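Notes follow the structure.
Every chain is named by a letter (A, B, C and D) in the order it is written, and numbering of its residues begins at 1.
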Amino acid sequence: MVKLAEWRGKQLFRKYGIPLPRGEVARSADEAESAVRSGAVPLPCVVKAQVLAGGRGKGGAVRFANSAAEAKAAAEAILGLEFKGERVRELLLEEKLPISKELYVSITLDRARRLPILMSSAQGGVEIESVDDSAIDRQSVDPFPGLTAYERRRAAGALGLSGPARGSLDRLLEGLWKLFVEEDAELVEINPLAIVGDGLVALDAKVIIEDDAGFRHPEYAEIRDDRTPLEEIAREKEIAFVQLDGNIGVIANGAGLTMATLDVLQEFGGRPGVFLDLGGTDDPKKVTEAFLLMAQARPKAVFLNIFGGVTKCDTVARGLVEAMAKVPPTDRFPLVARIRGNNEKEGVEILRQAGIISIPTLRESAQAAVAAAGSGA
Amino acid sequence: MVKLAEWRGKQLFRKYGIPLPRGEVARSADEAESAVRSGAVPLPCVVKAQVLAGGRGKGGAVRFANSAAEAKAAAEAILGLEFKGERVRELLLEEKLPISKELYVSITLDRARRLPILMSSAQGGVEIESVDDSAIDRQSVDPFPGLTAYERRRAAGALGLSGPARGSLDRLLEGLWKLFVEEDAELVEINPLAIVGDGLVALDAKVIIEDDAGFRHPEYAEIRDDRTPLEEIAREKEIAFVQLDGNIGVIANGAGLTMATLDVLQEFGGRPGVFLDLGGTDDPKKVTEAFLLMAQARPKAVFLNIFGGVTKCDTVARGLVEAMAKVPPTDRFPLVARIRGNNEKEGVEILRQAGIISIPTLRESAQAAVAAAGSGA
Amino acid sequence: MSVLVDRDTRVVVQGITGHQGTTHARLMREFGTSVVAGVTPGKGGSSLDGVPVFDSVQESVDRTAANASCIFVPAPFAKDAALEAIDAGIRLLVVVTEHIPFHDMLVMYHYGRAKGARIIGPNCPGIASPGRAKVGIIPNVVFRPGRVGVISRSGTLTYEIVSGIKDHGLGQSTCIGLGGDPVVGTSFVDALPLFEADPDTDVLVMVGEIGGTAEEDGAEYIQSHLSKPVVAYIAGRSAPEGKRMGHAGAIISRGKGTAASKVAALERAGAKVARFPYEIPDLVAQALSEGAGR
Amino acid sequence: MSVLVDRDTRVVVQGITGHQGTTHARLMREFGTSVVAGVTPGKGGSSLDGVPVFDSVQESVDRTAANASCIFVPAPFAKDAALEAIDAGIRLLVVVTEHIPFHDMLVMYHYGRAKGARIIGPNCPGIASPGRAKVGIIPNVVFRPGRVGVISRSGTLTYEIVSGIKDHGLGQSTCIGLGGDPVVGTSFVDALPLFEADPDTDVLVMVGEIGGTAEEDGAEYIQSHLSKPVVAYIAGRSAPEGKRMGHAGAIISRGKGTAASKVAALERAGAKVARFPYEIPDLVAQALSEGAGR
């Protein structure tokens, strides 16, 4: 999941012909000032923090300016702010347009129907979650033949558009659909979509690109997500790694088994702190890397729960033993292991030789892990 | 059906990334000379008449040149030639490439399966009709999801390609498919498709665009087809009009009824000369225009056979009477009419008042028309 | 019983406010068809001869339980109209519109097929079952209830032939005009089994044209699957090779596709092939009396 | 009988020459499955443990009558592999490959549906019926023939649970791992009726995860259509809101999609919901004995 900052989303909007306010990105107060002075951003203008969290307006991360000096001052006020855990490093300056109404449109995936869904609402400018269901028009869109003219017509009706604004919406939705498909988006959302004069303008842009389509889109590879530094390292190594606020590290394979493991630990009073999903690897080196990553998170104890399928038990055991040798003595942690499935015997034996006992049942092993972490810390 | 001249087809090939020899269009011997002299067309080169008929090579409409002077001479020899009924007005000059093998690929419509069909043969450079069926690989292509990678792979196998030429074919077929769909083509054919070094080059281009998609492609409107001047006028007026070499003019509505009428006339010894299909119009003015067009073709007699559906009998009768008044006395012709179907009574009465008797049965009316045309002339 | 349409057929006319849509909505009602709705985007809320007009097919289905659509919208918008009808749950579409690009029809056909919707046409006169319902534009005057089924690729030639059957004192069970475009939603092969299964049809008339291989494919089906007698006619025996006869379906291509090839295939399949339209009624009467004698 | 696979299942392994393909082709054969062919473009003509390798799925079908495919090809090529299998007439596809973009899976799913092909997966462990056939990667050791049907969205958690059933002295009729991706070819709602109709299944185990509404939809189906007892488990009750649990299927979205919502829906539908995986075998045994008593 790659969430694009507003300005990046708008770059895509431009590519697909979706109308935008005139604007410019700035990374310093001076850049903000000169964006206005050069005329690239007409006055009056709005100065917006480029952070991924919502609620920027109320949070002081959006300001208005009537001159280059005001734009500079606004930029100084916003840049460097910590907004919902994100540091503001970039600003988007845009002309402030005379808006007569704010609408909402988005395209995302409807998993249950296995079809993209186009949502339209005449109540834009607020979080869509707060809009009554009856005020949101939903239409499934078949990938073949794609978004049809009649679907766009119905959306225009739902938004209450007529005349030239209807034609404007038609073209905009064609572009939005194309973007959704060609850029492998999970979500494209325009909120608010503003009526300005006879036409429409996208005032905000929320675009989420699917991770798995990375092979088609190397251009998104370097865009960072909302991850902690360790999570970021894990991502580079293609290990699923999530930090919570407990003290037991969990290494499992497969999302379902990982979650079930957390459930059981919690049942016995444990507080999982980091969990790490080995997924379907069968490379001992990757297992070693995963363990070393876990060590860096400094858990009180680690619970290893593996059911060998693609990932074989002896592979995990080998990787684990290799890793334990590399962890500095100060970073060592008590380890409770449970390995079952393919090559179970070999894996259990390798662990045994390294002095680690594999407890075969989930309940008992989880209890042991909770005990190892202790009640304090 | 808009058949594109080779150079127009190649313009489309260029648009879709299909590799071509370097070349230039010339409309005079001087243009041909300077195309070579300027370096736009490297030497040695080939000078090809831009006519729609096949068999140009054997017909002397393709020549080779090793210098600008030779190119000029070749152009002089070809321009103005009458080739299978077509006057040569344009030439395409292209570099002559070192060809190691000639292949064939095309995409067209398979009506029976209602699917586009990709045909590939390692025996290119000859008319595909003369290639044995077993040497042509045929693959149906579903519009959704479009030409797939595995289909392109199979085509490469059928063409005996490997290494870089395989990759070249893959991209070429992607482009050809895109062209077929986006340009609303009935046929896209590359014959020969030449292996030149490691890659592929389209030496010829045959593209036929569908008439009915004209609303999406105004750019093809002015390209003329292989029609007689009267047929061309009829086309502008959206009247289906075909000239044969008999002496009875036939006006009917609908392709099936028109053909059945010709069948019956022929049975009774008549020779249909022009036939004109009113189609589904219900506009008396269009009927009048059609009659006046028929008059220009100077038939010995005209047989009007209408079954009124969308085209109503009284509309036809009115248009006919209007037209008869406008035909100059010298151009008049005997008329046999048969009008049936919607508003039959009204139509028959309008004709009766103008002195024309409608004969209700097909057999008898056809016999009357043959008699009216006489045996001579 | 009848084929595809019956007294429960509830027609929505897409493009009802156009000249053709208005005219034929009226003629369908005169035939006895339940025309329950019209659709013209932007004209929703109005009505025409008492038939309510809606902005979308979905509304017309929700409000009037329409279950068949007759499409008259101009060619550039016909694909969209068909997709809209299919998505709204319509399972029988008669597309009268002519000059629809075949690339559009490919999309309509394959989308319809995936969703279980049948398309008749495009560029077709539609379907009618006298005494039951008509969806399309075949003139009402040519019909009379009876036991002859008609399947035709032609338009006006169909009227001519159906009318000839009536003039001969016979009547029709159901008549389908398939349309002569390169890609049709329903072909001979698709329509033949429907008539074979129809207890109201005793004999079939199949009207073909030169071009394509639909008649040859139909003949193959007749030979292997059909028990009912078939009378056939192929228009264009005298047409010169390579000349267009008015629509793309009528270009002669090598071997198959000629009148001779089609006639031979049909005769091999046991069909009686008329040389001229006016021979059809006698052949039909003959087939009926032979069938009665069995 | 069993669900979707049986002794007549003839598997072609797409991507057989890769590490996973080779390994699991062998394991499927050890399970007793007829692995009749492999496909790797460019490697046609070779063989692997006596299994012939072809360049295309069509060839493998023509030459070995393969009727099911197990797909291991890397994500960028998986869509093409699936389309190839569908076009070659394969009607059961198990897609093991993970990280296939959902836009690709949309195409695979809807194309397959239009052609009557069923896809299990992607990113799934596949399907197995002990004593009959396995198409996929579930470890052979967890199985033992029996009368418990298992449907699961998880991978290794499925192994854990299926293994637990075996350790308890019970056995499985058929086990399907649906995969946890946003778009799956076969969901609970699709799989449940197959087990309901299977005379070899007496009780069903349904293993779900937080995220999406597949479990709620399944519960609705159970309530209205299922007569057999269901034991369910939902992983992720303790997961914090909004954090990713390793794949996109596990993002919690408002209201529906939480463990609480799923558990409640399943309990309303009459399923026994285990709180932990190790509670499942007892609940299954209980349901079996109650069923025997009816």
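Here are a few things to note about the model shown:
By definition in this document, a contact is a pair of C-beta atoms (placed from the backbone, for glycine too) under 8 Å apart; a residue touches a chain by one contact, two chains touch by 3 or more.
Please read these numbers as outputs of a predicted model, since none were measured by experiment.
The minimum number of touch steps separating subunit C from subunit D is 1. Between B-D and A-D, more C-beta contact pairs join the chains of A-D.
Measuring from the averaged C-alpha position of subunit A to that of subunit C gives a distance of 54 Å. The distance from the centre of subunit A to the centre of subunit D, each centre being the mean of the chain's C-alpha atoms, comes to 28 Å. Remark: subunit A and subunit B have CA centroids separated by 55 Å (rounded to whole angstrom).
Counting partners per residue, subunit B has 142-145 as the residues that reach two or more other chains. With touch defined as above, residues shared between interfaces to two or more other chains in subunit D number as follows: 107, 110. Viewed as a network of touching protein chains, the structure reduces to a complete graph with every chain in contact with every other.
Of all residues in subunit C, those touching subunit B in their complex are 19-20, 75-76, 98-103, 106-107, 109-110, 125, 137-139, 141-142, 152-160, 163, 180, 182-183, 207, 209-210, 212-214, 217, 233, 235-240, 243-250, 254, 275-278.
Subunit A contributes residues 1, 109, 111-112, 114-116, 129, 142-144, 181, 184, 186, 210-213, 215-216, 240, 242, 244, 252-260, 262-267, 272, 277, 279-280, 282, 306-311, 340-342, 344, 361-363 to its touches with subunit D in the complex. Put simply, subunit A touches subunit C in their complex at residues 142, 144-145, 148-150, 153-154, 157.
In the complex of the two chains, the subunit D residues touching subunit B come out as 41, 55-58, 77, 79-81, 83-84, 87, 107, 110-111. Within the complex, the subunit B residues that touch subunit A are 143-145.
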